[in-house]
């Protein structure tokens, strides 16, 4: 990339320094444009997708009036929100009330810059990319708390406080399970994590969702749903209790910012899951299909990569929507208890087991047996089997802690009067 | 293992999601209303109307029975006089549909089966005054009345 | 509305559809409000201690339970608590009098199962026969209402542990509360009537907790003051409402809310 | 999943000992709130997420149904009582009509009673279905509501065929019903009876063993039977506490003594028991309807009409008659009398206390709403519970506000 640009500028006759500066601004502008476009389009599409999926699982048709198949419904809603009156009450803290949506909105969109959609289409390739992602995603909570406080509304306050406590609880298992990934990959660079997964060469089986303990992924998944405040963890905006939680008082464009940011963070988290656990932009068969077929056109490769990661991301989004349609909401004490008593110990155990697994991988001169057409280390398989048994035992142990009789004793009685 | 709460919980959540997911492949049960009208039953309590004789003359005899059983007060207003042959002539018959609760009491007490309910339920209008229907707005024509009587199994009108 | 009344109605209907206005007076032989006949006129024939002692100062005159009980029929169980007997013979209710005289005063009803039970335990219930649904009715003196209720709830022979409802009734001369009891052990029903003295009745909140809201409702709508209730406030009407809407003499102030009689 | 071990679990309410003294927060829940199912205001004193005190304020939906009876003739008043409890208005009508029938000693034909029984039980299912959907919605699950409404709509279509209305039926008359069943109606009911159990199974597959649902309902809002009776709680809420009180069995009205069914009883009296009891009751209702449909006196309408047309004398034994056509409804004057009729509505004892004085109007009509008493236990249950438990508990006692305020 850089060479192309510098060569281009050399041809024109500009000094290389100027070329770099211009290239930087051009790239930044292009990136911003692409990101915001991708983000907005993704969010707009996701809102529609959510409404459609929720409609289909309840045997309805969903939005179908605005545009073909209701495609423009969200646009219409957005336009409505744009032109809606922005109500602000005199008792509200104006600064915090205005700042909150921005603080909530901005970080969630910045995460897009760190997601490698292809190996080239990547906003910033940070060495500590994973860390930066979690730093950003926890920043959004500040926006929620500010919204809860600045609204001067009791429901909002409860919602904001709930979001704070929820974020504190669920970021720990989230980060701990991501840490296991970083440990296995040996890097915090997100692109490197993707490449490491592909370097295993087993395709699907070298993805961290499978090659690393699947438990890691499950913990990450649950925590990420809690992180983006979706059912069953949508306590900050539990509409049956807190009306609308932290955004009760918001209307118009400020509300739209909250609304967009929620979906954007869902997209970000789903993309992160695809990247960390599902091989990112690589196909499930190892490498790229077009590459394996011998088509050697870079653009085609880039397109295929983008297709894979977008597909994986949307599968997780669809799953989150299906969960939303099925599950009831947890209570705050259950939410906390689930995190502190169950997920955090489990993720610590998991981290420990992944460390053992990593050590097993690092062993050399170990006999191998052929499996799936590859030579797989016996040590690896043995560790894996042992850890799986350990996991079952751990789950059973947790189960006995929370054991309670599930089947109620309802008796049917025939009355005799 | 069966009473393990964690494992059974995972299984049950999976079962629930599968049941919900199954509905993805079922056809929708909702109607696209303005294009597809719902099928209403014959007894549907819709807009009130006045049946007429086959010739198109008023069937109503102005007995005020419907007005008197109406739970909404002075919703039905009837003014009538008798002509020289002592036959009732309806001067004014108005129904304020905007206040009607569609209970069907009036249709039940009508001695001549004149006031009836149609399947028409789209009654919205831009002003309250427009919802006060007078005799011309309420009355069906002679053919429509005959059709209504035939469809609903009423005795055909005989002079 | 007024235009409606001028319409000449068809002949065939005129006979049976009398306009309700005059009918109401004719059929409700209830003594007009302004009758100033004191209670003592009645006390002679039905000397009920607690009631007769009090001269009728407040809005409602105290009325003896006996009076209604005697004319309330056993054979015609429905006629129990009707306002009619309060038609004081001499002074008022001239219209109602001729209709009433033709009726033979039926004998007082036999005490039912629970009336006997109460009598055997030192209470003085007035049996009122059964209502149309076969539920035994008892009139109790307010002074012993709470104790009798407590007894009915706790006694093994009755076990009326469920208070179904408290219905206030305005008999124009007096306010009455009707307690419908139910036994979750024997599935029997019982109706207790108590006539308010000076608009006051003892609260049975200590017997059934559910009486709390029911008494508040009856107070709200009828103005019966339940003495001993911990928080006798309005429950259905707004807190600043004036008057008790279910009383027969309640006047609706807002002309838009007045029901146009047809 | 966690339990609520950290928080007091008795319904009597034991507070946590606090180290830090914080101010209580008073939250006005309602009158407009997504989960108050109408216009109910709950003045809630919160300590964090802990409910210290809750006080229901009712009356926002007071439409003075009892006062309306004073100005309307009985027949004129009848359509308005649909609105007393609009989710199961057949029960309102039955209480009203039965009270009058008792006072006037009207004979009610058996076929009419069977039609009433079918409609009431179908109505019980619609009411429980709506409760099921909204309860799950309160707990956060969205799709069960749509499934419940799907089946409810089917029953409402049946009602539309029968009565002409989907919610405000105005179908029962003194001594009869407005009209006999239309042709083929019973077949539609049978089709529904065949389909419904499968759907109910689906509902249970979605929620009834879901760990989150169990955590939110089991052991929450336990009502002791004695406390329930003291508070006048009736219906499924009481039966979930183990009190065997179903008026259909205890004091059979209509023709309930001719059908066989069971009364589901709970053991613990928590929210989950109430859920299971209601779900079971729907199945029991199906059982009743099936028996009533099969044993319908006089058979289907088509047969009845055919037999009548052919001059069959036995067709008259059925004596389906609608008093609405026989007695003059406009000026119908019931004799003097009084009657209290309580029916087992989907929420408990729905009572109509009627005093007539020989005029076309009733002298006094008192409505006893089951929800009115059931709601009064809420402060007792909520004391010392978590704020989100309010939705579990309030939803599970199935209060409908028009019945509270009447």
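For clarity, chains are labelled A, B, C and D in written order, and residue numbers in each chain start from 1.
Going forward, a contact is a pair of C-beta atoms (placed from the backbone, for glycine too) under 8 Å apart; a residue touches a chain by one contact, two chains touch by 3 or more.
Remember, it's a predicted structure, so these values are computed and weren't measured experimentally.
Peer 1: Between chain A and chain B, which partner chains are common?
Peer 2: Touches both chain A and chain B: D.
Peer 1: Averaging the CA atoms per chain, pick out the one whose centre lands closest to the mean of every protein CA shown.
Peer 2: Checking distances from each chain centre to the full centroid gives D.
Peer 1: Farthest from chain A in C-alpha centre terms, which chain would that be?
Peer 2: Most remote chain from chain A, centroid-wise, comes out as C.
Peer 1: So what's the Cα centroid distance for chain C and chain D, whole Å?
Peer 2: Measuring from centre to centre gives 29 Å for this pair.
Peer 1: From the C-alpha centre of chain B to that of chain C, how far is it in Å?
Peer 2: 41
Peer 1: What's the distance between the Cα centroids of chain A and chain D, rounded to whole Å?
Peer 2: That pair's centroid distance is 45 Å.
Peer 1: For chain B and chain D, what's the span in angstrom between their mean Cα positions?
Peer 2: Those two chain centres are 26 Å apart.
Peer 1: Taking each residue of chain B in turn, which ones touch at least two of the other chains?
Peer 2: Only 5-6, 8, 13, 16, 20, 23, 29, 65, 68 qualify.
Peer 1: Out of chain C, which residues touch more than one other chain, so two or more?
Peer 2: Residues 17, 187, 259 of chain C touch two or more partner chains.
Peer 1: Which positions in chain D touch two or more other chains at once?
Peer 2: In chain D, 1, 72-73, 143, 147, 150, 206-207, 209-210, 212, 250, 330 touch at least two other chains.
Peer 1: Can you check the complex and tell me which residues of chain A touch chain D?
Peer 2: Spelled out, the residues of chain A in touch with chain D are 54, 57-60, 154-155, 158, 231-232, 234-235, 238-241, 243, 324-334, 336-338, 341-342, 402, 404, 406, 408-415, 417.
Peer 1: Which residues of chain A touch chain B once you look at their complex with the stated criterion?
Peer 2: 53, 55-61, 64, 322-323, 325-327, 395-396, 398-400, 402-406
Peer 1: Which positions of chain D touch chain A when the two form their complex?
Peer 2: 1-4, 6-7, 25, 27, 33-35, 46, 49, 136-143, 146-147, 150, 206-207, 209-210, 212-216, 218, 244, 246, 249-250, 262-268, 272-273, 276-277, 280, 386-391
Peer 1: State the interface residues of chain D toward chain B in the complex, per the touch definition above.
Peer 2: So the residues of chain D in touch with chain B come to 1, 72-73, 75-80, 82, 143, 147, 150, 153, 157, 160-165, 168, 170, 178-179, 182, 202, 205-207, 209-212, 324, 329-330.
Peer 1: Provide the residue numbers of chain B that touch chain D in the complex, in ascending order.
Peer 2: 5-6, 8-9, 12-13, 15-16, 19-20, 23, 29, 40-45, 65, 68-71, 101-105, 108-109, 117
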